[in-house]
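Below: the structure, in structure tokens.
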Amino acid sequence: MAWMLETIAILSPIIGGFIYGFERVVKARMQNRQGPPLLQPFYDFIKLVEKRAIQVHSFHSMMGLAFFFATWFTLAAFLCGPNILVGLFLHILALAFLIIGGFSVLSPYSVMGSLREIIHLMCVEPILILVAVGLFLVTGSWSVRDILSYSGLPILYLPLVFIAFVLIIPAILKKSPFDISEAHQEIIGGPEIEYSGFFYEAIYTAKWIEYVFVFAIVFLFTGVHWWLGLALSLLVFLFINALDNSTCRANFHQMIKFAWFVLLPLAALNIFVLALWRYVI
Amino acid sequence: MYKNFEVIESSLEKIKEDIKNFYDPSKYHFITINAIDLGNGKVNIKWFFAKYEVMDKPIAFSVDATYEDTIPSIVDIIPSAWLSEAELADLFGLNIEGAKKGLFLEPDSPPAPLRRS
Amino acid sequence: MENKMIVPFGSQHITLLEPVRFIFETENEKIVNVDVDVGYVHRGIEKACQTKLNYKQVAYIIPRICGLCAMSHALAYITAVEKILEFDPPKKAKYLRVLVHELDRIHSHLFAMAHVAEAAGYENLVMHLFRDRELAMECLEILTGNRVQYDYGCIGGVNRDLTPEVEKILRKKLKKLEDRIHWFKDLYMNDYTLSLRWKGIGVISKEMAEKYNAAGPVARASGVRTDARAEFDALPYRDLGFEMIVYKDGDIYSRNLVRLDEIFVSLRIIWNILDGLPEGNYKEEVKGLPKGESVCRWEAPRGELFMHVRGDGKQILTRVRVKTPTFSNIPVLRELFVGANYADVPAIITSFDPCMSCTAR
Amino acid sequence: MLKMFIESLKNLFSEPATLPGIGTEAPKGYRGLIVFNKEKCIFCTKCELVCPVDAIKFIYPEDGSRNLEFNYNPFLCIYCGECVRACPKDGALIQTNIVPEPGTQEDNPNEKWFEIERRAQESKKKWQIALAKKRQEALKKAKKQPPSDKKGSKK
């Protein structure tokens, strides 16, 4: 258990790849299709290495790479660092690289995607911070190591925060109904459209790391009971995929409304009540 | 000659007024404008209309013209006619008032392909 | 250019099946101006029909204009030529034509609905619609011998008879399809996210549809009562339980519902044909050369298809003009975009079910 | 939404509708590859005439005889079946339900077909000249022989 978190952080691209591959199989089966093999993301990875990379300009490509390394570093900081808030702020930074990269080219799809990515940030980050605050209120620590050794079940104290978090996961992982920054049918991948070959691969792999990041947060909600954590992660995974398969894309007005007027008050209410109970009574 | 539609003969000067008097958007459906090359630089143009919901013969306004003539545009009466007019201007090389060329053909394609010469 | 962003949409875009280019000027994702170019796939089929091929061969080239409404193009042309030749096809041939045409409509409508769902990002619905479209395609394959290009009609009748064993398979598959369509209807009526995305978006009022002469499901969704099946006497639709589906709202949602309900009507017509197919020949010899002019209005899946044929007593026709449904719908589409949200553009375009290879020919 | 949600979860545990790596078979009556039967053909060239895309070309022999060479381009063919319907002799042209193979670069279908088209055009002209000669010769022969014999030979 001692080196577990570090191992996960280092191997996160590979773990994320497996999660992504598994998700593609599950998604296909939910659509009554056979689906690709489990290792398909890695095949794609190998194929993309061989492709010729067309750079728009060097800064843009660098931002792609920066996005990948920053996401990786974010995960490492989140899992191994002393404070999960650092991880969350680094997460914003990592996305900022993607956004700046998207803005740095003239392509309207890329620029529009970056604008929408900012809206994503606006919706996602407050909830992530409330999750962190909630976990701190329950466990009394900002560190992942301490939260994972907490003997109780944080989810019992934070049910509404958990619900809010699960419902915002589609926005983090860019899944329907909140996949607006990537919206294939409208802006064709958004900020990532102008990347190609090796640099697209960086973005592609960074997405896998996001999977690990999200499910690591889900994992935190069960404290020391890691079996329960696995079960909960699987359940959330299935729920997210079923939701992805049963909704169409909302537009960004609807997403903001949902995130700010439904999810945020929900999570805030939970934390407010918890804080009252902890500190006042 | 005309097997299953009615034809109202008109002339280039009168056609716009005729259509204006005839056309009622809630009653008639404007179908399209079509041209037929008659050879020797002559062309026959027909404006097609049909009634809504009634099983009736389509009605066509027919005008004979030459390729040099300027053909009046009916976009101010029927706003959706611009596409048909642009097509005729492209494929037949007709001079239609205000019709945009190059919508159906690319710059390097042969001009007025449906004309017989 | 203060706050404006120019967004090109097409000529290649992920939601577009076929090349058409819109150039939007947007302000905060709101469209203020549109420019359209439709002629990317001009193949000169009309020219070929007028210069190279004789009038019987044209019947096999015309359906190649478009894969999805191949049967409509072929039958409209055949009807127009038969009108010139003053030939009335045998009754059985007419019924078989309706059968294939309605099957064609079913698969085309399912295709269109799938694409609207795709544009809304509803992947699962797309997969389901496409899978069930396969049933209609299989029916057509077994009936006509091909999945896309049926080449079923010919001048004088149809090319194949409906054998009892084929009829048995058709009945089985159509029964299954009908159950599925009921399932879809239920889904469309009750799905919350779909109504969120589609209700009140891309609204065409009745006046607008009449002003810009929209055709087909687009016009019927706006409350315009127009359907070439009821307005042109080419096929015996009146005996077969045809009913015009009209909705009033004129948004994307009602366009989908019009298509869905038309599938029910088509299925009913098909059941009626299978139950009461008349006896007789399915093909008769046609003699003579076309001399004269005729038109044909035909209700293709996307709307009114118009054929204008002129022959001067030669093997090769003088003029073949195809006015396709999308051609009529482009003007209203262009007007509709002004003031719309960019995020809704793919859904609006696909809800028109545009077919550019038809439009440019 | 809920309906589809349940359907998705249900589908997760049911057999998928698609199968890996198995193509479907063409049903009976599928309009596939056209097969030519030389023994039965009477070389009337009707199929060549009716074909809308000129996917059938006959190469004519130089001696003016009726021993034509049938050429068929499956890549140009649109499988409408018009040639089969036009064929006056049963079994000379058959439409099978074999799904045609796609053409590859190695086959070089285009260049080969252009060559055939060129040869067909040239050979037809030569054949017509040869045929005219043959007819003239036959006419000369017929003039020499008594008319009653000619009638008998025609029967």
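Going in written order, the chains are labelled A, B, C and D, and every chain counts its residues from 1.
Just so we're on the same page, a contact is a pair of C-beta atoms (placed from the backbone, for glycine too) under 8 Å apart; a residue touches a chain by one contact, two chains touch by 3 or more.
A quick note: this is a predicted structure, and the numbers were derived from the prediction, not measured.
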If you take the mean of the Cα atoms for each chain, which one ends up farthest from chain B? A
Higher number of C-beta pairs in contact (A-C or A-D) found for A-C
Taking each chain's mean CA coordinate, chain A and chain C are separated, in whole Å, by 43
Separation of chain A from chain B, taking each centre as the mean of its C-alpha atoms, in whole Å: 58
Cα centroid separation between chain B and chain C, in whole Å? 24
Which residues of chain B are in contact with two or more other chains? none
Residue numbers in chain A touching two or more further chains are 30-33, 245-247
Could you list the positions in chain C whose residues touch two or more of the other chains? 124-125, 131, 193-194
All pairs of touching chains? A-C, A-D, B-C, C-D
Within the complex, which stretch of chain B touches chain C? 1-5, 25-26, 29-32, 34, 36-37, 46, 48, 50-56, 58, 60, 78-80, 82-84, 90-91, 102-106, 109, 113-114
Footprint of chain A on chain D - complex, ascending: 1-5, 7-9, 11-12, 14, 16-20
In the complex with chain D, residue positions of chain A that touch it: 26, 28-35, 238, 241-243, 245-247
In their shared complex, chain A is touched by residues of chain C numbered 5-8, 13-15, 29, 117-125, 127-128, 131, 193-194, 196-197, 341-346
In the complex, chain C residues that touch chain B: 37-39, 42, 44, 46-47, 50, 83-84, 86, 207, 210-213, 215, 224-227, 230-233, 244, 292-297, 304, 306, 308, 310, 318-319, 321, 323, 327-328, 330-332, 335, 360
